[in-house]
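Notes to accompany the following structure.
Naming follows writing order (A, B, C and D), and every chain is counted from residue 1.
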């Protein structure tokens, strides 16, 4: 099972990352980047690193996305010109 | 050469060069897979058995590589200082001026105590199970964020948070210096640590104390960062 | 059929190959983003992707199949047959540092935008002469 | 008790306790910072005078597993000049504080001390991941310092610095991870002992990653295109810090790692050509510049290229020459940027014609002496290093390099004499420029030291010879660290 979990997480993380880069709408980009973080959490748990997974969950997904969303709000404009 | 012909050529050659580059790096990495050599971490795991701390990641973060953690706290401190410097005294529009919706207000009231208790648990039990000061501090800061965006009346006083921040930072360095004076090594574990108490809350000497200090420091820094970004109060 | 596929995937060598290829592709997606995208937010997210890629690479290759997480609990009473804790500690430090740099960068971008109205890096050329 | 840990612990303690210190009147933080820097300078002097054998300061557990700070001849050389220049800069700032005070001054002092602590940490640390942490502290405080004034230009400079710095740290940390995966240790001495056991492609990959990571900060050729923007956007006071302290710390760490990991001459030609290209290119671009900060930024890049050439040779003589150049360049750039700070504040212009307007005979002569020293005219400090490096390359038979260095000096002479000509032109001058007695004495002290080193360089030769021996010899370093038991 471990191999399958890791393989599928990698496939989804790569697809999401590619979509994140090419997505023109910026708020969608930030939400998609949370998806990258979530898959990374799954991978860290699979690699027996619960501490890193918890840190990635609270910092990588939580606070970073909040900071980026607030930055987007202050920068104004949801689309790339 | 006209522009129409140059652009596809540069794109194609760029892709070609980067493909060769990527394949070379992949080739090097695939031919040199790390073997299961005996690493410094295995030695530390052995040492950890004499330290009385159940979570060996905590021991490594706080004690064996505690100097890195001090530097990391300094990075966070400087970043928070810089954000305060950048985002003060400007007339950015307040993000949540209007009343937030009813569900968010009620949900925040119900959830925030749970989040705070969870954060405190993660912080205090960092040396026994998964988690520790960083994670707990950030969880508490996210609880404060929830309160900040849900209710209009709530605001945190930077002066009040600064007290915690200062005390935590100063006591971290002072504990390190006490170790230097008593044991001749900075951040030395000068409190008694008993192996038979492994798994209890009071075990591991200075390790849980430092991790709680780190938690307080990280929690207050992160709250200030989030608050500065939200621009709810400009009292700095 | 599925049995054999699962067993094939569970071999340690196959896992390592998946980790190296997957994380390197992720790394180069991030690099591609930095080189092609122009908006500040996109650039910061691309940097984050590159960071996550090397974190996965490191934790994945330091992981040895069959060993547990480096802490006591669930009937484990001795520090043997555990994964290496040093990579975990290093990644913890690196994640927090990355977040701090990201937050500072976003706040600088906000302030710069307030003064000039610029949101993309290619328009950032007040210092060229 | 003397210990090298105080160099890092005390600035951190100062930074964390600023809210308490600011309660003691409006000068509390400024004077505490000054006292701290003075005591760190005295501490470094005491440690240098006592230094008979290298001292290893153990943190928590003994070296191969834990982190240790090594104070030997060469690291203490760098620590001494860093503490000295920070002290000088603080005193200079105190001299102008009455008239022009920075906004949020407390934060400026925190950042200054953090930058000092991280530069010292980079030089002293013997653990590669710890070096990464200090790399980040130095980076993040430099980003904030370069956008300290919060003008559009300053913020642009800070953002550019931040983006390149974030890229650099990703490559650096990737290299560190590969080292740990394949060698199982983070200790510099153990890595140094075992690095040759890796396959040659992997060595090359790790070396490339570290070169890219440090290349952004050491300001060498492919990565230095953005540096002049940062110098233009920041205040000259901050430029003095970058030019005299931060880039020197990164340069030392880069070559320290190079000598430890790859102590043979495989990369000498490559590194020499990188140095030559960055030197010549920077000097050529400098001629056309009209912004005075940009001129000196490119001149800094050129001098760093020269330093890069000197250290790339990997021989003891070349390192001696390099250390002389480094010292002379730091002092001269300190003088130039400090006086530029006053000049730009006074005449509100950054064009090179501001030198024409400048009405202060004292400043004129100070600037003249430091520019002549940078050019390498005999009887000034810069001459010793340039002479020694030409001699070394002459003996080794690298005549291409010698002609490149002479060419670069000639180009340098063109724009320096242009600036000197502007200063001594007999045109209508602006208002008379007053500077305080404190600032005058600081500049005078630095200028006298330029002349003193130029006339009597042998006073430093014992110290510098020992430093270069220590730096080149990787076996001694391994023995020092691996011999320690707590």
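Just so we're on the same page, a residue touches a chain if its C-beta (ideal position, glycine included) is under 8 Å from a C-beta of that chain, and two chains touch if they have at least 3 such contacts.
As the structure is a prediction and not an experimental result, all values here were calculated from the model.
Between C-D and A-C, more C-beta contact pairs are found at A-C. The distance from the centre of chain B to the centre of chain D, with each centre set as the mean of the Cα atoms, comes to 30 Å.
The mean-CA centres of chain A and chain C are about 10 angstrom from one another, to the nearest whole unit. The distance from the centre of chain B to the centre of chain C, with each centre set as the mean of the Cα atoms, comes to 16 Å.
Counting partners per residue, chain B has 25, 29, 34, 39-41, 44, 55, 57, 65, 68, 72, 75, 78-79, 82, 86, 92, 130, 134, 225, 229 as the residues that reach two or more other chains. Shown for chain A are the residues that touch two or more other chains, namely 50-51, 55, 59, 63, 67, 70-71, 74. In chain C, the residues that reach two or more other chains under the touch definition are 61-62, 71, 86-88, 90, 92-93, 96-97, 100-101, 103-104, 106-111, 114.
Contacting chain pairs in the structure are A-B, A-C, B-C, B-D, C-D. Listing the residues of chain C that touch chain B in their complex gives 13, 16-17, 20-21, 24, 28, 61-62, 64, 70-73, 78-80, 82, 84-90, 92-93, 96-97, 100-101, 103-104, 106-108, 110-111, 114.
Residues of chain C touching chain D in their complex: 34, 43, 47, 50-51, 54, 57-58, 61-62, 86-87, 90, 93-94, 97, 100-101, 104-105, 108-109, 111-112, 115-116, 121, 124, 126-129. Across the interface of their complex, chain A is touched by residues 6, 8-11, 14-15, 18-19, 22-23, 25-26, 29-30, 32-33, 36-42, 44-46, 48-49, 52, 55-56, 59-60, 63, 65, 67-69, 71, 83, 87-88, 91-92, 95-96, 99, 102-103, 106-107, 109-110, 113-114, 119-120 of chain C.
Taken in their complex, chain B has these residues touching chain D: 25, 28-29, 31-32, 34, 37-41, 43-44, 47, 63-68, 70-72, 74-75, 77-79, 81-82, 84-86, 162-163, 165-166, 169-170, 172-174, 176-177, 180-181, 184-189. Only residues 1, 3, 5, 9, 12-13, 15-20, 57-61, 64-67, 104, 107, 110-111, 114, 117, 121, 129-130, 133-134, 136-137, 140-141, 143-144, 147-148, 150, 180-187, 198-199, 201-202, 205, 486 of chain D touch chain B when the two sit together in their complex.
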